[in-house]
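Shown below is the structure under consideration.
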Amino acid sequence: MSKTSWKTSVTKIQPNEVRLRGYRIDELMGRVTFAEAIFLALTGELPPPKIARLLDAMLVSSIDHGATPPSALAARTAASTGAPLNAAIAAGILSINRYHGAAIFDCMGVLEEGLQRAAASESNLDRVAADLVAEYRQAKKRIAGLGHRIHRDDPRTRKLFRLAEELGVANSGVAMMRAIHQAFTSAGKELPINVDGAIAALLVDLKLPRELANAFFIMARVPGLVAHVHEEQTRERAMRIIDPTEHEYDGPPARSVD
Amino acid sequence: MSKTSWKTSVTKIQPNEVRLRGYRIDELMGRVTFAEAIFLALTGELPPPKIARLLDAMLVSSIDHGATPPSALAARTAASTGAPLNAAIAAGILSINRYHGAAIFDCMGVLEEGLQRAAASESNLDRVAADLVAEYRQAKKRIAGLGHRIHRDDPRTRKLFRLAEELGVANSGVAMMRAIHQAFTSAGKELPINVDGAIAALLVDLKLPRELANAFFIMARVPGLVAHVHEEQTRERAMRIIDPTEHEYDGPPARSVD
Amino acid sequence: MSKTSWKTSVTKIQPNEVRLRGYRIDELMGRVTFAEAIFLALTGELPPPKIARLLDAMLVSSIDHGATPPSALAARTAASTGAPLNAAIAAGILSINRYHGAAIFDCMGVLEEGLQRAAASESNLDRVAADLVAEYRQAKKRIAGLGHRIHRDDPRTRKLFRLAEELGVANSGVAMMRAIHQAFTSAGKELPINVDGAIAALLVDLKLPRELANAFFIMARVPGLVAHVHEEQTRERAMRIIDPTEHEYDGPPARSVD
Amino acid sequence: MSKTSWKTSVTKIQPNEVRLRGYRIDELMGRVTFAEAIFLALTGELPPPKIARLLDAMLVSSIDHGATPPSALAARTAASTGAPLNAAIAAGILSINRYHGAAIFDCMGVLEEGLQRAAASESNLDRVAADLVAEYRQAKKRIAGLGHRIHRDDPRTRKLFRLAEELGVANSGVAMMRAIHQAFTSAGKELPINVDGAIAALLVDLKLPRELANAFFIMARVPGLVAHVHEEQTRERAMRIIDPTEHEYDGPPARSVD
């Protein structure tokens, strides 16, 4: 073995055999959903069914948020100059950072800090949350996961939390997030828990490492970026001026799954 | 309406309401899988259940292929210099092109050409395939979707085609791909249908526009890239020399889903 | 030597010695300009002084074109989400394609085609140009290098051509470009030679390989992108809506070098 | 003026007129070098001639460092899959981060901290440097700008410092860097000042804002990345295994400028 030899625990490739985290990929195909395979790729284990269902909901929640987010605009801008699809998607992903999508990482940090304080001090979450919120307000720092440019009651958050509670998956992460939101409201500032905050709370309860926080948003949003890039490529003329707000929806009318 | 106003049919955003292709996203959450939502985002319609199951299998088939593909190496190389996760993923996606992953687009072109010729000449697929293969061989051009650096009988192709046939989804795309493979074999050259070729055949049968071909591979591979980047960030030292072949698998041992 | 061993002719690195195309880099430093080193890196040879001066002018000509080009908007969009400088620059470069900047490649193709026809038929350039223009108009194809969204008489083109003529560097590339422009005008359509067209003509005369065409624009524009990203990071608030046209210049007033 | 209107001080575009920081770009062309125009774009002012000459040397110093740096490998890896030139360059730039190239930013931080301490305490630089080095060693942190994978006496540093001193541009930044290096050596650890450290010291003396630190390395390295990508595209077969170390130089033999 040479001195630059290294090890990987993701996938084993042999002629005519591909094993992801130990499982034959052709055995996984047809038996597990894409969301389950994602969880397997990231954590090393397949999720129990109730977590699988929550993962699907989490990924669906963030699949797209219209044409105004910077990631959609950057992807469309690149596409408009003639970029191939992969380059336009890359430009979109490069626009997912601290202020867009990547708040999940920061919010998990706040939640983990809160839970550690609660464990260390044997305080209840409400008290810890009140202290945290007071500290952030004093330092004039935003708490990631609260507030949204458009929504005052984010329907994705509401649904994710209800689903997590129905499935029995909601735990201290969700409780801490709710406590912080409550403390914020008590302090006289009404800001909704946004979808980043909801996903952060659920990732804490799923015990996913915080370093993978933003990966969730990126994986979820790539299909939405593909839809925008494809629409730009097929519907708009090259090099148009892309107004970030002056657009209207003209797709299928409001409808229901049933 | 200003003169730079434009239209989008992907998603409609209003305060407290997000609709993807007409459906409320909080209604989709918990009711449809991520794969179904991807199909909805890309095509505008939810897939029937049997296509949903095939989509999951297609996405799972390409989720990862170890550390040697250039997309994994580029993502790990960027990560090794201290790139944030999104930038490392972007570097990986920028390495998915004509010769890696993106053969799906080229292969769909061959299949669509073959099917048009068959329709125009009322010939059977075997004759059309024999002609196509002869033409490509004479022009010394490779047929995308055939051959693999490692596999002589790609287990992912085998499973995808069997599943598509069981589900009753396999149609002329799969038939054309099989005919081309057969013609190739008859001409004395043994090359397996690779996973790009299998996905190309299925995308033809699902009537997806060819411009979205590579999007499938990209969406499927992003989680694998995340796993590699995370492993590089947590397990390896910065700026190591990344040998592209001298690595061994040390993850979970071979195991079965049941 | 292992079977994956390969060769490179760009740079030789030994302990305490770096040689670019054979020259010690510490000998080049202080003796050649950055533009001369760029030419050396790309072609393998240092340019004669008059070409060095033209190269500087070519690179300066494309260093920036304000905040409206898609590359500037994509870079600013990424920066606005909190992207580090290198990722924002990458997003900008991903927006330099066929319809923005990369017309140099297409235009060089037209010029080389024209010059080959002229050589083959012993025709004069005016006749060849008239035929080419007629063919493009009949096929309803644009000729890259002609026309600009804003300028009707591009000051950069005018200066580049005059300088190339003064320096004695202008040759058949410039002549062919002028002939095409003239044929276009004679056909009743007034479009200026844009800066891409001017650079294309000069690169033909400098005998640079066409595959490096777009590299010139990219190398020239990176500093401009840096200026825009830095301004966005230091002057604007995160996640602002970036209007692509509603901006005004408030930098130093009009002034002259002397 | 609409409420999303904004201002930029980089470039003013009017029909037939482009002004960079107030200067007509066609007046700059042929009168200033690319390096001078870069300085103008970044800082708003043209540099005095001696700084112009130093800037050229700084940019030349970092134009390439062979095929082993991660940025070159990532760019070649993307190119090898069929990426267009701009996407391959972007992949390379995404691999310029904290551990590769971007040490300039960290090193400027150390130097500015040292200079502030010296000013505040009226201590001499040697004492401040000794304290800083001791603190870093105790905290087991690396000091950016010291040490190199290959060079024990970086010829680029030596030349940059000598040139800066000859031109009378070297000031407290260079002095602080030398003092830190000396303190490090006195503490028994021999590490050369690498090119990042040298550029950091010079940028401090040129009073460039630290946020532009890494921009220098990126602007300087893009031409080198272009050379590698072009070589990969024209000389190597697609999808080869790119061994990061097993390559030999076969370009022009060692030669001298005169």
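We call the chains A, B, C and D, going by the order they appear; numbering starts again at 1 in every chain.
To be clear about the criterion, contacts are C-beta pairs under 8 Å (C-beta built on N, C-alpha and C of every residue); 3 or more make two chains touch, one makes a residue touch a chain.
What you are looking at is a predicted structure, and each value in this text was computed from that prediction instead of being measured.
With A-D and C-D as the two chain pairs, more C-beta contacts join C-D.
Separating the CA-averaged centres of chain C and chain D is a span of 23 Å.
Centroids of chain A and chain C (each the mean of its C-alpha atoms) stand 40 Å apart.
Averaging C-alpha coordinates per chain places the centre of chain A 35 Å away from that of chain D.
Along chain A, residues 4, 68, 84, 86-87, 90-91, 94, 96-97, 102, 241-243, 245 each make contact with two or more other chains.
If each chain is drawn as a node and touching chains are joined, the picture has every node linked to every other.
Here chain D touches chain A in the complex through residues 4, 84, 86-87, 90, 245, going by the rule given at the top.
Those residues of chain C lying in contact with chain D across their complex are 1-2, 4-35, 37-38, 41-42, 44, 46, 53, 55-57, 59-61, 63-68, 84-87, 89-91, 93-94, 96-97, 102, 150-156, 158-160, 163, 209, 211-212, 214-215, 218-220, 222-224, 226-228, 230-231, 233-236, 240-243, 246-257. Taken together, the chain B residues at the contact with chain D in this complex read 68, 70-71, 73-74, 77-78, 80-83, 87-88, 90-91, 94-102, 149, 238-239, 241-245.
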